[in-house]
Each structure stands twice: as structure tokens, then as C-alpha cells.
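One structure is given below, represented as C-alpha cells, and several questions about it will come after.
For reference, chains read A, B, C and D in written order, and residue numbers begin at 1 within each chain.
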Amino acid sequence: MIYFNCDYNEGAHENIMKALLKTNMEQTIGYGCDEHCKHASDLIKKFGDCPDACVHFLVGGTQTNETVITAALRSHQGVIAAETGHINVHETGAIESCGHKVLALKTEDGKITAKQVRECYEAHVNDGSFEHMVQPKMVYISLPTELGTMYTLDELKDIYSVCKNNGLYLFVDGARLGYGLSSGNNDIKLSDLAENSDVFYIGGTKQGLLFGEAVVITNDHLKEDFRYIIKQKGGMLAKGRLLGVMFEAALCDEDGNACMAFEDTLYMKMAKKAVGFADKIRACLDSLGVSYLVKNDTNQIFPILEDSVIEKLESEFVLSYQERVDETRSAVRICTSWATKEEAVEHLCNTLHIMV
Amino acid sequence: MIYFNCDYNEGAHENIMKALLKTNMEQTIGYGCDEHCKHASDLIKKFGDCPDACVHFLVGGTQTNETVITAALRSHQGVIAAETGHINVHETGAIESCGHKVLALKTEDGKITAKQVRECYEAHVNDGSFEHMVQPKMVYISLPTELGTMYTLDELKDIYSVCKNNGLYLFVDGARLGYGLSSGNNDIKLSDLAENSDVFYIGGTKQGLLFGEAVVITNDHLKEDFRYIIKQKGGMLAKGRLLGVMFEAALCDEDGNACMAFEDTLYMKMAKKAVGFADKIRACLDSLGVSYLVKNDTNQIFPILEDSVIEKLESEFVLSYQERVDETRSAVRICTSWATKEEAVEHLCNTLHIMV
Amino acid sequence: MIYFNCDYNEGAHENIMKALLKTNMEQTIGYGCDEHCKHASDLIKKFGDCPDACVHFLVGGTQTNETVITAALRSHQGVIAAETGHINVHETGAIESCGHKVLALKTEDGKITAKQVRECYEAHVNDGSFEHMVQPKMVYISLPTELGTMYTLDELKDIYSVCKNNGLYLFVDGARLGYGLSSGNNDIKLSDLAENSDVFYIGGTKQGLLFGEAVVITNDHLKEDFRYIIKQKGGMLAKGRLLGVMFEAALCDEDGNACMAFEDTLYMKMAKKAVGFADKIRACLDSLGVSYLVKNDTNQIFPILEDSVIEKLESEFVLSYQERVDETRSAVRICTSWATKEEAVEHLCNTLHIMV
Amino acid sequence: MIYFNCDYNEGAHENIMKALLKTNMEQTIGYGCDEHCKHASDLIKKFGDCPDACVHFLVGGTQTNETVITAALRSHQGVIAAETGHINVHETGAIESCGHKVLALKTEDGKITAKQVRECYEAHVNDGSFEHMVQPKMVYISLPTELGTMYTLDELKDIYSVCKNNGLYLFVDGARLGYGLSSGNNDIKLSDLAENSDVFYIGGTKQGLLFGEAVVITNDHLKEDFRYIIKQKGGMLAKGRLLGVMFEAALCDEDGNACMAFEDTLYMKMAKKAVGFADKIRACLDSLGVSYLVKNDTNQIFPILEDSVIEKLESEFVLSYQERVDETRSAVRICTSWATKEEAVEHLCNTLHIMV
């Protein structure tokens, strides 16, 4: 079977594994206070042009989301998110289990707008019963979204502007950040993200590391005592240096040398390759006249296919079932990753040409 | 000013006050373990025809909702409710602060259907990612709803049937139960409610008591250690007997004598009177051709009026602003209660006749 | 049976009941935003000489404690308290259920010292593993303590000084505040308390009201959005004016007139009378050579008696069993209250003279 | 510098790293549902002689503790532990942040007794105020304890017997389980542990894996929906197979072959070697007449040394400061691990001979 169902089927890029092996018997202090974490943090602050940011390394996405949100909100405050947002649907109520309501906004493509955010905020604070409602205090967006779509820089700036005008924090989930930043029409740079949000993270788990998410906090109000919350939420890895070592390697170039621009890092090269493969599959589907649940330019593709076609594809390929579209057709998710092989992409395209 | 904005503007019915005065210097043990609570509990079990139920008396609605839901759910479980449900919008995220997601269902009239409940349940458990989603374990409905509408007995039975078939608890918020049970077309009796739910409550705060909600637990699984949760959530009144004394008085007839049928209790008589007044106001509005945000038969009315009319009414009446309907019209809430005076109703109707 | 087991066996002082009756049919807005609450709040600010304080009225003690502590602490912060503190032992883990650890300090008499607080704080923040431990952020003391003892003004100032020097909030639980302030050797005035704490409350439940605790917040950092937390924790009474009305009456003199000094209020007069009765019982016990679990001057007495004596007393009196002291003796709690009758005290003393 | 401060300074045993490399590009499904996890689980069930157990792999200890405890307890229930227990002091209040009180018992050596557990339970449920106190429902012990001491099999059986008689779950934290099971006088076998507890875990993080804890649930009541809780608490690793792969390798013999007895696994061989080194250091300290904070036989040693000696040692060795003992002496922790080198141990012993 060939897996196109997600971007975390394999282990890690060979450079990552080499870095782990090379540093394996080093003796370092624990809990992320080592030199590798410090170095990786410095690289991120350099590439993001945010020298005053605080960078923390966590293991996974749900953990990161609940840690950031717990650190930011008081008991009566909630977080605005798209109804499709990962925190709203796929984290077993982790945010609520930390005590906070997710205020879900309607979306067709996984994105929310500055206008929606403002209206939601106003509906909660301008009502006479405001104290009887959750107080919105944070906006959570994913970049790219769970449906693979990207915000433009202008959209991001608009949302952040509404946030700043209303005392809301903007938190950007970058579990697949590299796949977004390296996608076709993207005009957001890492430094734009650092400038236009209060906290965001750079996903490693789905982008060539064994695991790991690098949280970048730029708003001073969110920095205090953050490590306490990491520890409390179970996210403080005893051998924290593993995260530092992996991000260090991902933030070098493909030969393991220091590099000047974020675009030249292994992290971005891996992402670009995956998106390139996704573009190939999209071109193939386009040529076959296939329509999409949502159109996007990143490493996830959501084609709508006849159920019979899906069934046949599943004899060779593992895809991810998304949702029923009509009586005979469903949307599936096809995912490429840093580990996708060219021949697998070609085989998929050939098969699609035959079957569709 | 004449208040029609809600049903908790005044204190308590004079019989309630008399009962409090009469028992004021009695010495009893605390925390609801006294004879008055026992007696009131026995009356409820008799009127609800549910001799094996456990009855507990709490102070207010939000407190009751978070206590019942905390007692019923494990950490990963959520509660299905209408998007307009009190727990979803007007409790400052109390349920989430106890760790549980409210799974909100669309509604136009405040009601949800058995079909919606089944589909929501199935969407959460039949998906391959089920462990990544909150597990629905309880359904919360309000009787009457926050929009004053009533379920029919058949609708209630259908919802409860879906619940039982899927291992969901049915929890009925009866903050305005009397106003519902005594309304025009209602075909649900107290014993029907006891038979077709796992836990419900009989609201006192909005129905002539100073405060108080009587929780009736019929499902054995929900009975264990319930008092611990009451105490933990801050709902265990030191002088718990106050609740017993007030419910005792409300469950006698208007002369303070024991009565055979629930319909004959002061509680139901007060509710019937309030609904009668609401019917008069509805008749008046109907005669004027006024339309409604939602039509219903209970003590709340949601007419759509010109903003200029609303403004004029507000020089004499306190109403509750509900929502903007279009550029010149809004919906308001007019509420009658056990304390509403006939002359106030007449004055409102006369004024409406002049202004609309 | 004559009850000496606690100070909440009866309803409320007749003046309180009269005030409730008198205002019963007033129409007011809900949730504590009415004129009675405002007036009661003003009286408290006047008597406490704290014009900038925020005053909120809640129903009960556990509710108050969890509301204040939730409002004050972030997720990783804990509250220092005596091991005998109400929040540590008798609230079914309410504080922990809101997410916060109670850091318990040893005590013999219910009191903790400034030195203990400082040492506890330092042990948690000066340790290399500080981020792995709860961060102390609040100190909770009861005035009087659960064992009836009082802090001196100097002790209070010393604790508050340690708090201020280390960024800790001082929260004073005054569930029995009046009994403390009116006790024999007390040198703390209400204004001292306002000046030497960040938030405290004036208990009504155990001091002649049907229920009610008046929270006084003097530290600006603790004021923001407090009403949201009250609502979320289930403490916002729909008919909030009941609390205002009762505190208004308690803060007048015994004839219902305004008074200049806190000492002259009904609240303090009721307390003084109860403490006077307790002094009589103490004098009787002293004359009989009885020893005490803890010595104190407030309305609670903890004599150590032979089990056989206790058994005999219990044929006429309801006492509160405290703890076994040795094979033949136990400590009991004898409690006087605003409602205690002189003849009951005399009968108890006479009986003790016969039995001990 | 030579590190003796803890047992997680290095990465992983070379066999573990080889296994990760070997399986790195395998495509597997995520979240621990892969074949490696299944195989590792089977090995644990075989070695523990508990074929009906459910085994789950988590990343770290705090995460594991909060997941197990959340899964087991209702809102009003607490967990009994030694005051030195990891959950009580070194998890930043993680258990409380999940809503549960840790009921701490006094201890000198990190252990608690069956008698203490029974007394604590009885004090909480036999008191008239039982509903006002947390209900004990689980006992947490560490094997070995945080102070390196071991329970005997009889002690374990006694505690479990008290648990079963009183409806308490017994949860054994085995973060350093191997070091305990392979220590000198230990008479507990893995199967004994499975038989005499309801849930326990086999620590990997401190015993030669990069990270990982294997939770073994033997009590059916604790099995239901456990994976939901893992996900909610942020512990479900996307590439869950990493945990399976590492435990697989650790549960083979040192040559990577299947083995019959748990004692022959790489896991136990690594532990035995570490304990052997600790024995050498203990022998050295004994010969020098050094006393200990606590005596034990596992991989942690707590000698009491002159501060001047500690200072000198710290020019070459990283130790862990434990606590001040008197004006001139402190206790330190010396930790050996699977990665400790013989020459480091010898150098330490030689240095001790010179300095002490």
C-alpha cells in the first residue's frame, strides 16, 4: 500500500536522524534548558526577525494549543476559531477540558475573516448580558487551515488589526506552516507572521521531524511563566534537547550548514518538495475535470470522486476519507509530505488517469 | 416604570414568605438534610409519580446545570444542546469551565429534534477519528425552551428514545417548567417528564420562590455521590431548609393545604396565571397584526416591533431587547410572571393599541 | 433538643426578615445591579474606610472562596493556607476542582505565621525545580480561624507585609468575621482588614442573614471582570437584591436606622451577643477545670470532655463532635450564634456543672 | 563535567536508536494503532503475565499521571499519595489542574503504609462531614519511590488489600521501575505488580529510551475510553509508532532477539548495570562512613556531605542538590543510569576517597 492519507506516516528526514545520532551520548541538562534548544531558538528568532520573542519547544499540536491557550486566558475568557479549526473539532475537547469555550465561526474554506471576528467580539461585549457570556480574548487561526487554504498577508493583517483594536490575542497554529509558506501564491513571510500575531508555532511533527512544535511568543504579556504551564500540561520533555537538536538540523540547509534565509533551510526545502508533488497531483486532477471540496495550494488536496473510484483507489493507496458529498460521490484527502516519493506520485497520477 | 423584562423582578409569593417567617426560628440541621427538604422531596416524588427518584434542592440555574453535568460526564464527554440553549450562551462558559464541550445544534425556535441528536451522535462516534472528538454523552433540552416554545410529548419521547438507544443521558432544564406545563397546548405531565428523562429540574427562581431549583434524578447511574458535587460546586446552602420550606409551600394549594394533583399546587396556579396574562398580550398583538420572532404559548412573548414603537414603550415599560430583525424593526421579549398585575397587562395592551 | 452544634441552625434575625418582606414586591433589575446592593456596598465601603473597594454579594462561603481564587490565579499558581483552612478540608476539593493546589501549612491553632508564609514561598521559588512546582500566588487565612482563634493586628500586618514583598495576594475568609471582630481581645478593626489585605469577605450566613457573603476587593488587580467569574461559578443570584436588602438591614442599627460606626450595626450587635454567651460558657468550663483543644475568644468553643459526659449531654444538646483526644476523652465544638437564647446557655452551664 | 545529577542526561541506548533508524521510512498509521505498538504491548502482557491488560504508550511521566488520574476519577474524588510523591510536588499542580486533590501522607523515606492509607480513607468517609471532603478513590505510589526506596512484595500486597477492601484504585508510577525491579533486595516481579495494582507504568524516559512510558491497565473499570483521555491531555503522539518501536527494542535481549524472561530484556539489563554502578558508589560512601538522607538499593543515592566537599566535587561532577541537613552539611542526589560509564564511577569513587 502507498500512503497518501496524512503527512506523519514516516519517521524523520535523514538529516534529523543523523543529528539525533550524533548528539545521542552528549550529556546535557534537561527540560529544554540546553544549548541545542538555545541555538534552535536563536535561529528561529533570526529567521523570523523577532529578536525579543520567546521560543519554546513542545512535542505535539494539541499539547501546544492547550498550553498556549491556558497560558493566555482567564477562566471566563474564550477563543474564537473557525468551526473547522483543529481546537474545535479534533482535540477531544482539550480546550474545554482546560476550561475555555471555543467560539466557533462559520466557514466554507477553513478561513475566517476580520469582519467575522469583529462581529463575534461585538456580539459578546456589546450585549446587555455580556457578563453572562464568555468574553472573547483570543483568536485562533491555522496557517494553512485544516482545509489546506492560506490567508493572504492582507487578510492576516486585517485580522490582527481587529485583534489589536479589541484587546484580543492572535494565535496562529502553524502545524503545517512550512507547507503553507512554500505554497504557490503565498505572500506571507515568517517575519510577517511574527509581526502580525501574538504567538504562533512552527510545526515539526508533520514536516520531517519525529515530532516537535516550536512556539514563538512575541507579545510580552504572554511570555511570563510560560514554562510552568508547559510543565503542568505534560509538555515538558525530560530530554528536551531532542527538540532543540531536531529543529537545529531542520533550520540548517540540506547539507547541514548554516544558512542565511529561512527559504534555504531544510525545513522549507522539505515543505517545498511536498507542495510540488501536491501541485502535480492537482494538475492531474484538473486535467481530468475533477472538482474539489475546497481549492488550495498546499500539501493537502480534497478532490471529490465517485465512490466507486475511491474504492478502486483504495486497493493500492491509503487515502483519508473526508465527507460524503452526494449519493455517489465523496471528498477524500490526499496528502503529500516531505517523505513522499516521486514514483508514488506518478503512480497515483497514472492510476487516476485510468480510473477517473 | 412597569417591568415586563423578566420573571424574576420581585421577591416571592406571599405564601412562600409566610412559610419562611413561620419556620424562621426552628432549629434544624443544615445542608438540606432537614425535614422540610425531605417533605418537599416526597411531594415531588408523589406528583411526578417517581418514588425512586432522588431529589436535591439547589439555589440557581447555572449552578444546577454545572452540577448535574459535572456529576454525569467523564472528562472526554460532551453535552448536546440547542445553539440557543442556556448552557451554550448565557452561563459565561460555566460548562466549559467544568471541562465539557457543549455540542451546539442549529435551531430556529429553541428546540432540537430526535433526528438532529442522532445525527450529531453518529457523526461523533462513527468517524474514524472518533477518539479525537468529544464523545457525546448527554442531551440538554429546556422545557420550555429559552424562546418559550414547548416540546410535545411525542417529541420528548422521540428524543429520549434516541438517547436510550445510544447511551446518552437526557437532562431537562425546567427553569420555567411550570409556565410550560400550564401553557395552552401542552400535553406533557410531570410524570411524563420523570418517565422520559434521566434528570430534570423544577424551577423555583422564576416561578414565585425567592430562589431554588429542585433537581429530580430518576436514572440510578446519576444518583451516586451527587451531594459531593453540589458541595464542590458551591451549591450546598448552609441553611438548606430554606429551599425545602419554599418548595413545601409551593407544592401545597393556595390556602396552604396539601393537595392531590400537581395542577392544584400554588406552583402551578401561579404559573397558569402568568400564562393567562401572556395569552392576553398575545391576543392583543395578534389583533394588531404583529409578527413574532418565535411563536409560543408560554409566559415569554417575542414580538417584532418598529424601533420607534419600542422606544415609546420604554418610557413606561421595561422590556428585554432581544435582537435586531431589520433596519427599522427589532424583536423584544415581554415576560409575564406569577407577580404580574392585571392592571399592568391591561395598561400594556392599551398602550400597544395606541402605539402600534 | 437544644442546638449548640453550629451557627446556622435558624433562619435570619427578625430585622432581616422584615426587610425582605418590606421590599418583597418591589420590581428591581436582577443580578445584583439594583439599588439595595449599591446601598449595602456603600455602607461597607464607608465602614471599612475603603471608598475605592469593589463589593460583591455572593450566597455562600465555598462559592465565594472558589470565585475569588479563580479570579485571582493563573493555572500554575496555588494558594497557601493552614492545613485546617476551610478551603483545604471542607469544600470537597472545590479549589482543586477549579484547577489550583492548596499549599497547606502546619498549624496547631488554625493560624499560620508570616514566617511560615515566607518560607513556603521561598521553598517554591528559590529551588532549581521551581517551574516543576506550583507557584504560590495567594495566601488564604480565616478571621477568625476554623478553630475560633484570632490573629492580632500585628500578626495580620506581618503576613500582609510578606505577601506584598513577594507578590502574593492576601485573601481573608470572614465567614465569621463579626464574631471575631467583637471578641474579647481583638484589636483589628474593619478598616484595618481593608488596609491589610487584597480581598476579604464579611460573612452573613453564619451571622444572622438567611445567607450571603459580602466580598470586598481592595486590590485593583483583582477587580477586573469579577462579575463574569461570579456568573460562571454559579454564584450570581437572579434576585441579587435579596443580598443587598439583607446586608442593608444588617448594617443599620438594631432599630433600622443608619449608624455611624460599624460597631453599632445590627451585624456587630448580633455577633457581640453571641460572643458574650460563649464567654459565659467558657467561664463555666474554666471553673470546672475543663481543658480545651484550642483556646479562643470567639463564638466557637472546643472543650475536651469525657466521652461519658458527652454522651449524657447529647440527650439534651446537639453538639458538634470534633475529634478524639485520648481513649476516654474527645473534643467537641460548642457554637453560639446571633440566635442563641440566654436560657439555653444557662441550662447548658447548669448541666455542665452537674455532669462534669 | 561528568553528570551524575539525573538519569536523563543522554539520548537513548544504541539498540533503541538503531531500531528507530531501521523503521524510519516505514509507512504506518498514526496515533499508536500500528503494529510496533501492538507488538510491544504483547510483549509487556507476556512478561507481566497479564494477557487481558490494556497497554498504552505515552511520552512522559507527568502526562501519564494526569491522564491515568483523569481517566479514573470523578470530580469529587482525590488521590492519596506520599507527601514526596511526584504528583504532589513536582508536576506544577498538574493533578489539581485536572481538578483533583492530592491527599498527601507523611513519609520519611518516600513510602506510605497500608495503615496510613486505611486511616486516611476512614478519616474522609467516616466523618459526619464526609460530603464536605474530597472522597479518596485512588492510591498513588511510586516504585521505586522518589527517594529511591522500594516496597517489599508484602507491603505492596498489604496496600492493595486495603485498596480493594475500600474501593480504591492502586496506581503505581514506575518511571524508574527497572531500576527498582533489578535492585538488590527486591522481591517484586513484573507479574506481581500486574496482579497487585489496577494500573501501573513501565518507565522508558529514565531508562534508556528517548522518551516513553508504557501504561498497563489491568482493572477493567479503568480501560474504557482511555484513548480519548490520552488525546485530550495532549499525550497522543502522531507518530505513535516511535513509542512502539522503542519499547519493542527495549523488550528484546541485548542482541535484538526475542527473549523469554523479562529479566533478560535490554530494559532490565540496562537497569541492572546502572544499579550495579550505584552499589559501587554506595560501597565507597559506606567505607568512608558517610551517612544518608535515605538508604536505598536503587540507582539514586542521597549521601549527606559537608558543603565544602560538595563544592569541591562540583568542579568536576554535576550532582543534584537535595536539601540542607544542618549548618555545614547537605544531602545531594547521585544518580546512575543505563548510560553511566564505568570510568566515571571509578573517578567519582576515587575523588570521594580523596575529598571526604
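Convention: a contact is a pair of C-beta atoms (placed from the backbone, for glycine too) under 8 Å apart; a residue touches a chain by one contact, two chains touch by 3 or more.
Computed from a prediction, not measured in an experiment: that's the story for all the values here.
Visitor: Among all chains, whose Cα centre is located farthest from the one for chain C?
Guide: A
Visitor: In terms of C-beta pairs in contact, which of A-D and A-B ranks higher?
Guide: Counting C-beta pairs in contact, A-D comes out ahead.
Visitor: Any idea how many Å lie between the Cα centroids of chain A and chain B?
Guide: 43
Visitor: Distance-wise, how many Å sit between the C-alpha centres of chain A and chain C, to the nearest whole number?
Guide: Comparing mean C-alpha positions, chain C is 50 Å from chain A.
Visitor: With centres defined as the mean C-alpha position, give me the chain A-chain D separation in Å.
Guide: 34
Visitor: Would you give the residues of chain D that are in contact with at least 2 other chains, written as numbers and ranges?
Guide: 75-76, 91-93, 97-99, 131-132, 135, 228-229, 231-232, 236
Visitor: Which bits of chain A are touching chain B when the two form their complex?
Guide: My answer: residues 75-76, 78, 89-93, 96-102, 128-129, 131-135, 321.
Visitor: In their complex, what parts of chain A are in touch with chain D?
Guide: Listed in rising order, the residues of chain A that touch chain D are 1-3, 5-6, 8-12, 14, 17, 20-21, 23-30, 59-64, 66-67, 91-94, 97, 205-206, 210-211, 228-229, 231-239, 242, 318, 339.
Visitor: Please name which positions on chain C make contact with chain A in the complex.
Guide: Of all residues in chain C, those touching chain A are 31, 70-71, 74-76, 98-99, 131-132, 135, 225, 227-229, 231-232, 236.
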